[in-house]
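As structure tokens, here come the structures.
Look for subunit A in each of the two complexes below; its partner is subunit B in the first and subunit C in the second.
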Partner chain A sequence: MSALREAAAAPDARPVRSSARRRDSLMAYIMLAPVLVLLGTFVVWPAIQAIYLSFFDWSFYTPSQFVGVKNYADVLGDDRFWQAIGRGLVFVVMTVPVSLVLSFLIASLAVSVSRRVSTLLKISIYIPSVISGVIASITFVMIYDYSGGILNALINVVGLPNQAWLGDPRWALGAIALPAVWLGLGISTLIMIAALLDVPQSFYEAAELEGASWWQRTRYITVPQIKNVLLFLLVTGFVASIQQYELPLVMTAGGPQHATELPNLFIFNHFRKDTYVGYSIAAAMLLFAVLGSISSVIFRIVNSEKLVD
Partner chain B sequence: MAITQAAPVLAPTTTETALPARRRKKLTPSRLALLALKTLAGAVIVLLALFPLAWMVISGFKLRTEVIRTPFQFFPDVWEVQNYVQILSDPSFVRTLALTGFGAVIFTTGSIVINSMAAYAFARLEFVGKRIVWPLVLMTMFIPGMTILLTSFIVVTKLYMLDTLAVLILPGMATAAHVFFVRQFYLNIPSSLEEAARVDGCGRWGVYFRIFIPLSKAPFVVVGIGSFMAYWNSFVWPVLTITNPDLFQVQQYLANFRGERSSELGLLMAGSALAAAPIIVLFLIFQRQIIANIKMAGLK
Partner chain C sequence: MRRRTLLTTAAAGLTAASLAACGSGTPGQKAEDSRAKSRTNVEFWGSVFTTPENAWYKKVVEDFNDAQEDVFVNYTVVPADAWDQKLKAAQAAGNAPDMYIKSGRLDTDARTGLLKPLDDLIEAKVFDEITDQAKEVSQYQGKWFGFPLLLEPQVTLLWDKDLFEKAGLDPEKPPTTWHEMFQACEKIAPLLKNGQFCVGTAGDPDTFGWTTVAAQQHVAGHLPVSDDWSKADAMDPKYEDLIGFYKTLQENKWMPRQPLGAGNSAQPLGEGKVAMLSQGSWAMSEIAADYPDKVKTTGMAPWVQNDGDLETSISTIGNMKWLIDAKSKEPEATATFFTWALGGDPEVLKPFFVDTQFTKAPARQKVTDVVNKDPKSKDAPWSSVVFEDIVPFCVPESQYPFDINAALGDAIQSGMTGEASPKDALKKANTEIQKVIDREDLAKAHKEMESK
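Presenting the complex of A and B:
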């Protein structure tokens, strides 16, 4: 349709248009040049190199040698890689559901109080999100300190003995999940608040007239209404969480006994130790593949449930 | 939790006759209880969210022997400003803060300028190759960080950029997400505004500089804060690319400090608090725009 209309308008419009278009093109590329050059040099080129180098035995000091899929085979045959992926999934289970539930509850509270209180809530919950991973790590290491940290002081009150939160493989991953949730809660809560404000108020009024409880309103109105946002937060939360490595890098460097060596930290540590980068890059590519496929599975599961409803 | 228990009392109090008077609800005991519960829940949330930061700031006021001590004590016996004074009179710390701030300002300015120019081109100009270039730019958003972290390091090494300010500033400056965000904003600027300006004799560039830039305060704030934060908080990239202590960035400095002078915890906490302060202040100044932006970014 629009093509037809354009064709009809074309005869007298064409000369003007094409010269304007040429001027536009020149201006456009002048304006685009910095972004295209920088993205090309520091994103696209490294990405192409990553694909390329993953098939080579390459280091800074020796000529590269084509090895086919050997790097990939090495990674796939390496138990430590799979353990790191498994640990990443455990970490996701520790962080994402907690974040979703907490941000839903906080958002529910924030939309039901006065504007001023709601602003205070939003600001306080968001402040941790602007803190760097390093500062969060330093602070939480203090909180977890064996002899003088507040966490052990708190559990002593209930009569439990001190724990080496970061030194004990049983606790270490959880001890990293806590600051991860703390850092990430702000943004998911604010997105959730926006979603809750979008649910038509009339639905709740009708439900109240029917005498529906908070739980019923949540179950039958709120959750179905904000389903897309929940799905969005679930997938982005998953992707962000499984890629976390700054916190364990600073807090534990992956220890004790690799208990906090999340996938990206595994790759990063490997990269720093091994001058042959092919393995590390192949591992990063594989992680990307695993990540993409799990995200799409989550997407499909949640979407198919939607069809059943 | 609090809400779950308290909410059911809401239902019986609303009757059909109550509709006109809905706005000023009567303060029945059950409503009062609900209000109290909500207030309590809100206070707990605020306290928990801010606790680690408060703990950091307070620890900065403690003497070396006090920071970690048994039995645990939250507040110091005597509030000592000594740590804050000492770290602020350490030339290496001050230089690090100044240098990181300097880099962050250049990075932020550059990021606003180049990303918004690209956004304008994608939003408003018809140019040859747009259908190829735009998806390519968008695609860069989905390249996983770790994959290109490794090869970016190889690229900057080959470009002889290690241990320069350029290696900190240039690689992250162009960001597809920022281009996308500003473009989205520009698409919503009515084209009638642009046409009116062109009738008045404004050229394409004039439209950009006189119409679009003055209207861009909100997206510029968002991109600016995002870029400043990304630069100020970055840790892994400086660790990989900067080995000269004179060029250390603030997060790197703190991590190093923690490794090398681990006994001086009060000092470390004071330094961390000071390093977190600029970003918190920036956020508080622009919180309205930042929070509003998250509403916009939330899927729609």
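Presenting the complex of A and C:
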């Protein structure tokens, strides 16, 4: 380890032939080229184009009109944009912690049971991940059906009246959070399992010799050892959750009374209904800025550290 | 690998593949037709309509492709819930279809250059046959931007005669006022089981937005914007009465808190979940096609009004028009299809109106005459209701951007469910509408639209 550090700290100490370095650099660029071309074509250029277009009133078929920062001012002054961002954060709080805790518990179970049960568990938990979000949405719409849905049939059994799961602003966001957690659980659990398997067994053996309980082992060994994976799942979960739009689009179209209009759906609804698309592009740019800021705050609060042996 | 592990993995893979397959597929895509090769190709996008309409669209395209050898029309069905985004994405990319179908007013699309005027593509005498009502919703600044296929009232009252009889009501006499509807519900409600309701109406803001335009006009004498589109005008107390109507239905649990089906579907009535339904006239053709047992026990009448006046702004009227995209590469060939299918022999259109059970009014008098002569019209008593009791008293759909309809729809829903008082809900709608007016400079747009 120390030898590697020294080598890294003093690269010039070793004689390197410049032609070999050039060859290495060339190979590196060749290897990077496909990704850079794809990123440039599908991310960088559209982003530049979007920034440019956000300063115009654009209706596709007539010459665009430069409107300066009007679209941004319209978005920033629109309560519904900020309400959508706030709702997105509430949705994150409803889904990400639940998803992380459930994934951790299921992953802990999967690494501690027999191999056969573990395989069955992994398959069962992963299946929702390969189901289309649209299909899942339709399935849950049927479950939540006001007159004839299985959920209302179940609550009728205990004497409760039918509830408008998707028609009542009090329930609607939670009703969408449930399939969101269900759909995302498979991937996060598998990643969590991989992280748990990476924790050296000797740590647990030593802790057990010291008489550490399950909670102490989890708190002082497991969680610190998989901290980077948790951070990864937290950030990706946050971004995926706040950007969720497929489920509310199919299940509620953003209603009732905008209770499920998450930021991306807000932008999407503007895109498909507005005469000019400058507003939606400006809103997308601002959402990008908001998401980037929040993600960087998360990174700052939960520092990513390299594991040390 | 152990055999058991292999089998487990294979089973998991198969399950995953099957489930993944559920979500895939490209609707509307079909194999290349050999007739397309030597002809001018016209791309035509339609949506999913009622069963008989879908069948007619398919047939008319096939018949046209068989009837001549110059033009090949390729009909693609785009699911209704994907329509807006698919068309808008295609327009943005500059590869919109040559022609497509649109409901609603054309003014904004014509003003922003999305549509090609038809005047130079289709002979004037073809347009001469079109009725005045259809003309009003198909023209912009005196030019034809759409070829109307039909006119249909967008709000009617459908009721279950059986339930009316069981409730001791006259099955042939539907309510005509809000108050009569409440009285009917008082009698019907005790007969209903869990999950059944007296009235099915819109359940989401967008549907409330477009289905109540005529009622807004009826109760207040104006729409929620000033005539010159410069000011929001949604604070009229008369609109509070309109919200109050839905609030009473909601508070008494006479209408469901969550929609029982799609906003434009007769499904709740067909499935016996509601005793009365607010729906467009197309609902009757849906009942006939999908719930044939219900035809004899379903009645159709004008939708209830606050004052029982069934001759003033009782419903909006409009719907399907065929349009040519402004960037169409084959406008002449597309217009040939328009003329053949919509402007030519009335017999081509007759099956459309007969199979949809005489629930839609043709846009040409000649077609109306042919359709009315069909013997099946005698078995469709609702036909006279549509043509004589509803269509003459309808108003055109609103011309302003849909955001304004949606804002008032929001107010109706939040006032109805008690999330806000009707007054506060309307105040919020007024602010939203003003925001749209300012954002899209609607006063300027209105001036432009009015200039001929």
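In the analysis below, the second predicted complex is superposed on the first by the 254 of 309 C-alpha atoms of A that agree within 3 Å, B and C clash if a C-alpha of one lies under 4 Å from a C-alpha of the other, contacts with A are read in each partner's own complex, and residues count from 1 in each chain.
Basically, a contact is a pair of C-beta atoms (placed from the backbone, for glycine too) under 8 Å apart; a residue touches a chain by one contact, two chains touch by 3 or more.
Keep in mind that what you see is a predicted model, and the values were worked out from it rather than measured.
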Partner chain(s) touched by A:V158 [first = subunit B, second = subunit C, both, neither]: neither
Subunit B versus subunit C as contact partner of A:G148, first or second or both or neither: both
First, second, both or neither for A:V250, with subunit B first and subunit C second: both
Which of subunit B and subunit C A:F268 touches, first, second, both or neither: both
Partner chain(s) touched by A:L121 [first = subunit B, second = subunit C, both, neither]: first
Between subunit B and subunit C, more extensive residue contact with subunit A: B
Subunit B versus subunit C as contact partner of A:I131, first or second or both or neither: both
Contacts on subunit A seen with subunit B and repeated with subunit C across the two complexes: 60, 120, 123, 126-127, 130-135, 147-148, 152, 156, 250, 268, 271, 277
Parts of subunit C lying in touch with subunit A, wherever the complex brings them together: 4-5, 8, 12, 15-16, 19-20, 22-24, 81, 84-85, 88, 91-92, 94, 108, 112-114, 194-197, 203-206, 256-260, 273, 326-327, 401-403, 406, 410, 413-414, 417, 419, 435, 439-440
Of subunit A, residues touching subunit B in the complex: 21, 23-25, 27-29, 31-32, 34-39, 41-47, 49-50, 53, 60, 105-106, 108-109, 112-113, 117, 120-128, 130-136, 138-143, 145, 147-150, 152-153, 156, 179, 182, 185, 187, 190-191, 193-195, 208-209, 211-215, 228-229, 232, 243, 245-246, 249-250, 264, 267-268, 271, 277, 280-281, 284-285, 287-288, 291
Subunit C contact footprint on subunit A (complex, rising order): 59-62, 74, 78, 116, 119-120, 123, 126-127, 130-135, 146-148, 152, 156, 161-162, 164-169, 250, 253, 255-258, 268, 271-277, 279
Residue ranges of subunit B in contact with subunit A within the complex: 1, 3-4, 7-8, 10-12, 14, 16, 38-39, 41-42, 45-46, 49-50, 52-53, 55-56, 59, 67-72, 74, 113-115, 117-118, 120-122, 125-128, 130, 133, 136-137, 140, 143-152, 154-157, 170-174, 176, 179, 204-205, 208, 229, 232-233, 235-236, 251, 254-255, 258, 265, 268-269, 272, 275-276, 279-280, 282-284, 287, 290-291, 294-295, 297-299
